[in-house]
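Shared between the two complexes below is chain A, which has chain B as its partner in the first and chain C in the second.
Then we have the complex of A and B:
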């Protein structure tokens, strides 16, 4: 029966009893007195909302065995018929406090119908994350347990917090505390918020937990302040019991120990479980680590790095400094005997909704410059290592790792690299790592015809104001032969590679002799055949880029260049003339290896051809002589340098894989 | 020996007890409905009791307990009771051939059923609202929950 009906019946019973007694004016048998108790349970936090289905018990005053029990109806009320006496009234309900609510010494007099008001307030705790990726923890809890790509979708993001805000010369995510400086800003927030005004009973317990094994990839801190300690992570395990639930809101911090890679898909599910002295509830929130991303040659550059080889490359560094400065960059030099600055690291970036940082990857290239990348580690400049240093192949060098400009469906371009060849394969872990970053889906380029095998030897991109916003530049032996052949009759006696030599000897040769006789002990016919084969390989690269990037012929510029068999492995190719496409592109300035092509009328025909090809584009072209320092060692300007580019504030989570 | 029949005895008791009944009902109203009638004068409450008794008698309910029931029903459902309450009118019509006490009891049971039906409807509505609210809370994280209107009861707490 409803409390309202029962209340009416109790009242009328009492009224009837009083009325009946009034009728007994003569000696007559009177009924015993009738009395009742009206128990009302309300949630004052909810503005006095009735608490239905609360379990109400009637005990003797001061406690003892339960006399009567009942349950409140939707009005939050329940009526009891009781003998005259003094009672204790209690009420409880799952997920409500106090447990129980109680009022003692409730007197129920004859013909009385007292009211007892008890307060039970709902207590809930909920997980809240920045699932809508706006930099602030959301009020909404919808969709926390999913991670979806795309604009307007849900899913919280966490940093691979590998910069060094704490000044420890070690990435912040390698210790079990939140470090000083900006480190708290790199820690993604999440909160447990209570609904209800009061602390729950002490018997309630809360737990945070990640799937077994996931604690190796993420770390949860007890706050987002410097000095906060790890609660879940490599040092403490996968589960944490909250010391108490005496809070209306508690903020936690979360970081990733690493990026997604071959061992981790980059997602972690956090579970919050509440044990409310019997009933339990669990909520989950999914996090995804922000990917490591690569800039492309069109992105703004601020610094260029080069190895200080002493007198060996002092002239080169001086000339490079002039050109780099003109491009609005500073040149930073690092002393080493390993001259290939391009190959020792890739400077990328990573973004949270609220912030971004550089992050340099030390690739698995086991040569002296392997120590350089870590020297860049500092506040807001992360450092991470990928792959094993042993074994290491030429394809592990980061001259073999570049990124295209933005193209359709890939707003931050696509990573490309040469995967290598038998016994010289690119490191599997690094390849898996690059693939797991998702947003710049890698393209594998067949560079196996090259001795060094790096993509930068034959491919680069420069800015354009039309079409797709860029041009793909490809090394072209065919273009070089076209120029040479066209000038053979009129200028056959003019020379190319003037004053240039390789360890095998002088490379200086006339146009006619190069085409008819050969150079460096190689016959003209064999060199032609070799270059035709190189061109065929490059044509394959051309086809790959056309297919993957949606390019057509007007998007591609052929850059004249000649190849010659490698001295030690003659089936593989080295650049004969300096590889112009192996240029450094900074802020629209193309710093191009001086090719030492055929000179006619005082002009290098290869240089003129490139300048002509780029003349309609918003770029400048400067030629830098790198022959003795780098070219003869099988590299060029790009190989000698590395570039720090301004990170894009990429909303990578809006990407649709 | 003077023999008084039962009916004569009840009539005698009624006539003698009427003032006592009225006084007890006035006290009852003050005790059980203190917010509503605590400020009313004895005369006002007497008028109310007398009006209820008169109405009850018009439906053939003439015992003190029957009148007490009717008085409570008028307080619960309003002075115009039972007019306009379909369930009450049906109950009185169905109990036309019963004694006044039975008619009052039937009317009270019909009232209880009516309140139970209202409670069932209210419970179902609250369940729907709770589901909607939970969904909204889930989406909006609203923590300021709407205040539900209190029941129309007005008794003071202990």
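Then we have the complex of A and C:
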């Protein structure tokens, strides 16, 4: 029976009983009085809406054993018939407070029908994240437990907060507190919000938890303010019990301890569990760490790094400084005996919807410059290490790690590297790390024919105003031989590599002798065969880039260059003439190793060929003599330098893998 | 070992060695056969300086000597042959390689490059030496082990299989094991079963089982 019907019936019964009693003439024997109690339970926070299915109990006034129980109907009411007396009336319902709602000393007089109004208000707590990736915690809770790539999709983002806002000389995500400075900006927010105006019963408990093991990758703080402490993370574990639930909204902070890598897919599911003195509810929200991304040669550059080797490379640094300054950059010199600045680090970047920062990767290369990357660590300039230093191979050097300009489906380009040779592979952890960043899906380039084995020896990109917006430059022995052969008849007595030498001896040779006799103790025929093989390998690289980047022949420029067998690994190639492709490209300025190619009429034919090839592009070309300092040691200008570039802030989450 | 010593003693008698010299040689050969690491290389060097080829047991393949001991004695013997000059050149190449690449971008010598260099300059002629050194060394850097392994794979021949079997039996590195097994297969050694069984006996003396991969090599197909 509904409460409304029961109420009507009770009124009738009371009226009848009261009338009968009144009609009775003393002495008379009448029935006992009839009376009832009308209990109405409402949620005032919801505008006084009825609270159905609330459990109502009638107890003696002041408490005691339950006399009667009932449950409110859809109108939030329940009717009790009671003896005359004084009572305590209670009501309770899961997820409601207070628990119980109560009114004591309710007098039910003979033939009376008092009304008791009780208030029960629903109390809920919910997780809220910035799932729509606009920099602010969302009101909506839809789809929090998924992380989806693409524009308009959902999934919250966290930072691998590895810069040093606190001035501790170590990344902020290596300690269990939020540091000073602007570190709070690097901490992604999430909130627990309460629905309902009042605190819940003290018996309610709330828990935050990540899957076992995930606490090694994620750190949750008790707020987003400097000094906030870790609640979940490497130091505290995977689960945290909230000390109380006396809040209508509480903000927490979250950071990633690392990027996605071989040990972690970059996603973490946070579970908020509420135990409401019996019933429990759980909500989940998924987070993904922002990827570490690499800039490309077309991105604006601000700073170039080079090793100060003392007198050894003072002339070179002076010339480089002039060219770098002309390109709008500053030259930053670091004293070391390890001259290969390119190989010791890769400066990338990472960003949230609201903020972004550089982050330099120290790659697994066990040479003195392994300490340099960390010197860049500062506020908004992160630092991370990938791979173990020992053992390392030449393929772990970051001259073997570059990124293409943007191409179709890859708005931030694609990472490329040479994966290495048998028993000499690029570090597996580093490869896995690069792959796990997803948005710049790596391309593996076969550089195994090279002794050094780095992609920068044979590949670079420069800006173009047409077509794909860039040109791929590839080293080309074929182009070099074409130039030499074309000049043999008319200029065969002209020389190449004039005044140049290697440890094995002088490299100076006439065009004719190079083509007919050979150089450096190698026969012309063997050098030709060797270069034909090198060209075949580069043709493979060409095919790979065509397939992976959707390039066609007009997108590619062949840059003349000759190779010669490496003395200690004679099946592998070194650059004979300085490798022009191994250039530094900063703000459209190509700082090119001076090739010391064949000189005819006072002009270096290899230089002229490159200048001609680039003449229609929005770039400048300068040649820098690196022969004695770097070339004879198997490197060039690019190998000697490293560059800080300013990448475009990337909405990487809109990427579609 | 007793057997080798008996052989050695027999040779001393038949070759009428000077007793003191014979005793010294016996010690050196004994060390060469049974030691590893620095002790082996010192014994090998001492033998090269003082050794007398006739002091070694002759034609080890004609005896019941275990295959690996036979290979070691063969290499000691080769140290007294003209090819020893190439041995020195090959070892000097390996020893000086890190210094030669120190100023280049190459952070560690290339195993494939080593293989190419040794093959180009020495063909198979230093294979026995490298095989013996591979199992006698105890402190080679990874690049050197890898380089020698790749060289041996390129020069796969029956004479080196006993050493590679021992290498497979003792190393834990799966990639090295794979290369060594490839090499053993490529060598097409008609005596492979006997060598594997010899290694099984050796392993038993060390209370360790023969790796299944080695058993697979001689499993009838």
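Heads up, the rule we're going with is that the second predicted complex is superposed on the first by the 642 of 657 C-alpha atoms of A that agree within 3 Å, B and C clash if a C-alpha of one lies under 4 Å from a C-alpha of the other, contacts with A are read in each partner's own complex, and residues count from 1 in each chain.
FYI, a residue touches a chain if its C-beta (ideal position, glycine included) is under 8 Å from a C-beta of that chain, and two chains touch if they have at least 3 such contacts.
Note that this is a predicted model, so its numbers are computed, not measured.
Student: Which holds for A:7: it touches chain B only (first), chain C only (second), both, or neither?
Tutor: Touch status of A:7: first partner only.
Student: Based on the superposed arrangement, let me know which partner A:452 touches: chain B (first), chain C (second), both, or neither?
Tutor: second
Student: Contacts for A:365 in the overlay, against chain B (first) and chain C (second): which applies, first, second, both or neither?
Tutor: After superposition on chain A, A:365 lies in contact with chain C alone.
Student: For A:422, using the defined touch cut-off, is the partner it touches chain B, chain C, both, or neither? Pick first, second, both or neither.
Tutor: In the superposition, A:422 touches chain C alone.
Student: Any idea whether chain B or chain C touches more of chain A?
Tutor: Ranking chain B and chain C by residues of chain A touched puts B first.
Student: Once the shared chain is lined up, is A:46 touching chain B (first), chain C (second), both, or neither of them?
Tutor: first
Student: Given the touch rule stated above, what does A:74 touch, chain B (first), chain C (second), both, or neither?
Tutor: Only chain B is touched by A:74; chain C is not.
Student: After the superposition on A, what does A:493 contact: first (chain B), second (chain C), both or neither?
Tutor: Neither partner.
Student: Which stretch or stretches of chain A touch chain B in the complex?
Tutor: Chain A reaches chain B through residues 1-9, 11-12, 14-16, 18-26, 28, 38, 40, 45-50, 52, 73-75, 77, 103, 106-107, 111-117, 126, 128, 138-142, 193, 195.
Student: Within their complex, state which residues of chain C touch chain A.
Tutor: Per the touch definition, chain C meets chain A at residues 93, 97, 100-101, 103-114, 116-117, 120, 141-143, 146, 149-150, 175-176, 179.
Student: Can you list the chain A residues touching chain C in their complex?
Tutor: 339-340, 343, 365-367, 391-394, 396-397, 399, 421-424, 448, 451-454, 566-572, 633-635, 639
Student: Could you pull out which chain B residues touch chain A in their complex?
Tutor: For chain B paired with chain A, touching residues are 9-10, 12-14, 16-17, 20-21, 24-25, 28, 31-32, 63-65, 67-69, 71-73, 76, 108, 111-113, 115-116, 118-120, 122-123, 126, 137-143, 145-148, 150-151, 153, 155-158.
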